[in-house]
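Across the two complexes that follow, chain A remains constant while its partner is chain B and subsequently chain C.
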Partner chain A sequence: MANVADAAQGQDVQVVPRPGLRGLLAQTEIDLRLFGMLAALAIILVGFNLISGGTFLRPVNMVTLGVQAAGIAIISTGMVLVIVSRNIDLSVGSLVGIVAMVYAELMANWLTSLGIGIDFPFRWAIALAIGIAVGAGFGALQGFIIAYIGVPSFIVTLGGLLSIRGLVWYLSNGAAVTGLDPTFQLFGGGAQGSIGGTLTWAVGLVGSLAVVGLLFNNRRRRRQYGFPLRPMWAEVTLAVAGSGAILGLSAFANANYWPQGLADQYAAAHGLPAGIQISTGFPDPLMILLGVTLLVTWLGTRRRFGRYVYAYGGNPDAAALAGINTRLTILKTYVLMGVLCAISAAIAVARLNAATLDVGQSYELYVIAAAVVGGTSFAGGIGTIPGAVLGAFVMQSLAYGLAYIGVDSPGQNVAAGVVLILAVGLDSWNRRRGTRTPR
Partner chain B sequence: MTTTAPEPGAAMGTSSAPVVEMRNVRVSFGGVRAVDDVTIDLRPGEVVGLVGGNGAGKSTLMKVLSGAQGPDSGEIRVNGQPASISNPRDAKRLGIETIYQTLALADNLDAPGNLFLGRELTTPIGQINDAAMEDQTRKVMGRLNPHFKAFRKPVVSLSGGQRQAVAIARAIYFNARIIIMDEPTAALGPGETAQVRNLIKQLKNEGIGIFLVSHDIHDVFDLSERISVMYHGRLVGTVNKDDVTTDEILGMIILGKPPTKLTEKDIAELKG
Partner chain C sequence: MRRTFAVFAALTLALAACGGGGTTASGGGGGGTACKVGISWNNFQQPRWAATDKPKMFEAIQAGGGTVVGDPDANLDSQRQLSDVDTLINKGAQVLVLLAQSQTAILPALQKAKDAGIPVIAYDRLIEDPYVLYITFDNVGVGKAEADFVIKKVPTGSYVLIKGDKGDPNAATFLPMGWDQAGLKDKVSSGAIKIIGPAEGTYTDAWKTEKAQANMEAIIDQANAAGQKIDAVLAENDSTALGVAAALTGKSYDPYPAVSGQDGDPANLNNVALGKQYVDVWKNSNELGKAAGQAALALCKDKDPGKVTISVDASVAPLAGNTAKDFQTPGGKTVKSIILQPTPVTAETLDKVISAGWYATKDQICKGADTTKVPACK
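Up next, the complex of A and B:
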């Protein structure tokens, strides 16, 4: 990246290559850290596959792993922005818990008593909207206390962690609440809560075209201004690798099938021959995660809000002196957290088909770990949203893989903790060597 | 010898109306009067040096003008109109730009990100237009520092002079009419200092008014038309540069006495 910037300005300026793999990677302008995380994820997955004798990397395992990671990854996208702006949110687990309980109470009791019976159209959407509003409300309250009253975020959200979890108990009188709307249950994934084979191919096709389109558009814009361009081989490699990965994932997800019993029932009901295989394709939670990741990345990198979050993290005084409304910016990051927690809660409730008292318990730890493993720095100003999502997948792959090969839960925790420290330690070491380009 | 300029705009020299007048400005922190009833002004195309010892109140006074610090009382007029400046946005809207001593750069953002911080160029649908900002930054930096090429590196990796150039580019890009420079050469080498001096002269010729806050008496003498001296929060006086000697300015800075009240003994003491 350094050589790109140093290259002389002009039409179609090419980069003087540095030798070696690092030089080649630099020319593609891929974030080295992101590349390293992808490699780590691949090593973990392949490693467990070898240990398990080749059974780990089956589609059914990977789809389950993806669904489990989604709930954490969704919140970690927002946690990046919170940590980048030099704050923390310890309340996310309790926020997931309270919104989960609100969803369940709404669908089991409250909506009916408001005259919105079980046959009411879009009952699930009404519950979802109210839950998201509740999450946003709690987020706004905490954000207001942090940004406008000036209580440290650690304290405010620690208080939130304790008191909001207490509220969950009062909402439910200490008992689990069941009786969800059938449509709402689809948020949890599973055979019916997946988008199916055809849609999965459509998503894969649109995704791979989008990769090519974005690369093309970026190149066209840079040429228009006469900025240095990536070498053509790098563009082609990125396009092929990007769209190939997306189509490959689509094919992989489509190799996961409905349980045969369920497929036979469906076949009988729709006049299809018995014994057919029905592809699940991408599960709904992963599609939600995809949407959230794109949206929050867009907010973080293409909107003023995100620019101000990063500027504040880099230098709070500079942001204020530049005339940025820093308080409102901080408040907004917590509102976003509330919304993301509500989305994650929908997945959690749908998977359980109930809201228990401990939904979301310890989420804050996994979410913070995902963001930090993904390269977010507590010093502020540094961190990427795709990095945090990858971080969530790294942590979840590790936990799932260890469980798969028979390591018990305490052993998984030991491994997760060690990996967290290792990841951050490696990062600090790398940064001191000065080879890492921030952001 | 003329000493103080009691009425803003009444002082000698140019006849044009002041672009900025700050009247009877007071700022207190707790019981400390950081700025105590200070009145100064600035005309278009003029450099006014603002000098004083540590804690004399020069930076605080300038923060009032740049919107970073609210005054307890006092009046600010821009182009003769009363102006309300309660935050940096207000100041920028009035064409008042500031180059802070700390430079006030977000280290993790690149040069275009810093130049347009708070005033990002956007596409019609409100997306940040990085390419357009880089394009504009290349143009303005081409004027200031033609060798500058690191447009996409975080400014933390730039040299002191390059960082200074980014901070200056930010002040001049938005057609400022008034620029406040707080110790603009304090962190620079000789070559870069000369560049900044040339830039100040160039900006002056373009009709921009400049408040130059500095410890360096020689800088101030070289570049300013008038010099305002502060001492313990008060304005000792505003003098025409041509009417005073450096010794007299030193007397104002160190003893807080206007040149008329300066005795032979004081000057002897100053020369120590």
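Up next, the complex of A and C:
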């Protein structure tokens, strides 16, 4: 503390600039990996836009793409923490499957037989709470076996992948279950399952203010502790770019309208002129993803739990010797995974308006791919949550784009596999180059 | 390890030899003894097998004075199915009914049955060998019925084709063959029907509902961007049709296109009642199980598959008559077969399914349906 106080009394410390574009970028302290991923995403989107003759980058298409990516992206935030702590979770697809079936059975059959009829308010919330508890329970069970009994996570979750999928069959006797609560269906997005134009602007405004606020706060604290400051031009650029991007996205989402038939119905019911256009704004699944990303990032970087996870991933022995309760930490990562799977399952079920036997199948592969493309390292200790979310978007934009231009599932799988290897290959190459010529 | 295996193999062989001897003895014993039928299922994952095929087959066998020596379920494992068949032969089965997990992996079991002189019924899935009697629904006919109904409803307009798994001959060959028999190809070349999306259709990994949904959403977006209206969707089966319906509903697609499917899954029959799926081509496997039970008894009396005659409900009766006929397999072999007709079901004709005692209950089928439009749900 004394040192900090000493430094604080001195002049503002500036980063020593390096020459060239790299130097300028370095001064903004932008995470180059994240920046690269954003660039890759932009290239993919623009590429499909060119191939499709300029129709791809429409708001309605991007909303579909975002909703399709949300389920995988939500789970990938937790997968980052699992992989960072040198474990793996192969059971996520089956977990999504079983919670999906629990939601559907609850709303179609079980709740009614428990005396909670269709007219009961907050039926959807009861189902959601039970589903999340089931997800957390399975996660805790697996986490306990991994952390306290010491069975390797690969084995435990591989067992989970097989046996939990089997349980899905027993729950449903093999048939799809339909008949969800209408409110629950809003989790799936669509015209009514979106937050609407006004709220979207509000979210955009709050978001851009938050960017400015965070930058300001960050600068204040750096000065307080005598850390190097970004040059002012970099701060302003970041603030303008960040808040601009958020407001731009809001405007973009608001340029997506309700299907005209539905809008006319609504207009007729509310005494509005026919032919009005109603903005959908951000769809619910994307808002859920936003919330989850912020929450898990906060848990991962600002809370003790997250610091323990990264510490354990960097060096398990050192973490244990430093007095961290490593077992409890690992157990918690799996509980978090269970909860995230339950949230993702809610979106999948709501989107399908049914639970089928194969909901969530092979999610584990897409989720791990998203985390890895997003820069999470299997060596442990390295990985960011926004990176994984971006990774999920990169993978889904490929799948959606290929389907959009008429390539079917086998072709989409080939592309996804190639991109996965390419992304990790480029990354390793970049890292090796970085260590070989240290500056 | 190796020694244990050798001992085990020897034991199995010895048992098999005993079983074979036993069968010959009882076979020689004459018609007085009950016919012993062995059944090998590849799986009970889909509900229909345990709910319809199995009980009806048992019923038909027992009604004719036969007994079932066993009906193990191989749980999608072709190796396990081989040992299941061994066990059935050892138990003295005089006829085998095989729902093969794999067309080729089942061949060693078929050879054993041949060596022991046991007739084999290939149930629902083809085994490429003239020795077997093949009992199934007309898969080309299913495709034809799907397209017949949809084309009758939407004779001109824009169609989307959603297919199943590329590796499944049903998805890639038989069902599209049926579509073309119903006139899809001709209408496309005459310009009456226009295909949106890839001309040969969009395949769906493992027939997954979520994948079909994601693909359909992309196709809808693309059609909207190009200013095209989708009038009909030919989906090959019910799991893909469910994904298609979810995509259309999620995007509040209006007017709602005519969607096809097959299997008679409860969720899809419900969609038919709700107007989200126009036609569901239903394979009444109650009758398929009954036909196989009757055929097994006939083969006990006379091992010639060509002489087998069955009697089933008129709605599914084979077009070629009730006696087994030659069937040209995709592999170029001639197999005796009994091929039942599927039953297309629309909202007006849902009572066919309900009155047949299908495993989907009336409550499931009619959930949320408008009873004025769906007579069966009153």
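In this section, the second predicted complex is superposed on the first by the 424 of 439 C-alpha atoms of A that agree within 3 Å, B and C clash if a C-alpha of one lies under 4 Å from a C-alpha of the other, contacts with A are read in each partner's own complex, and residues count from 1 in each chain.
Assume a residue touches a chain if its C-beta (ideal position, glycine included) is under 8 Å from a C-beta of that chain, and two chains touch if they have at least 3 such contacts.
What you see is a predicted model; the values in this text were computed from it and never measured.
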Partner chain in contact with A:Asn173 - chain B first, chain C second, else both or neither: second
Touching partner for A:Leu247 - first (chain B), second (chain C), both, neither: neither
Chain B versus chain C as contact partner of A:Ser52, first or second or both or neither: second
Which of chain B and chain C A:Asp408 touches, first, second, both or neither: second
Contacts of A:Ile324 with chain B and chain C, given as first, second, both or neither: first
Which of chain B and chain C A:Gln68 touches, first, second, both or neither: second
Chain B and chain C contact sites that coincide on chain A, given as residue numbers: none
Complex interface listing, chain C residues touching chain A: 44-47, 166, 197-198, 201-206, 208-211, 213-215, 217-219, 221-222, 224-226, 239, 242-243, 246, 249-254, 265-267, 270-271, 360, 367-368
Residues of chain A touching chain B in the complex: 1-2, 4-9, 221-222, 224-225, 227, 301-304, 307-308, 310-315, 317-324, 381-382, 437-439
Chain A-facing residues of chain B, complex: 66-68, 87-89, 92, 98, 100, 102, 104-109, 113-114, 117-120, 122, 126-128, 131-132, 134-135, 138, 149-154, 156
Contact footprint of chain C on chain A as seen in their complex: 52, 55-56, 58, 60-61, 64, 68, 169, 173-179, 188-191, 258-259, 261-262, 348, 351-354, 356-359, 361, 399-400, 403-410, 413
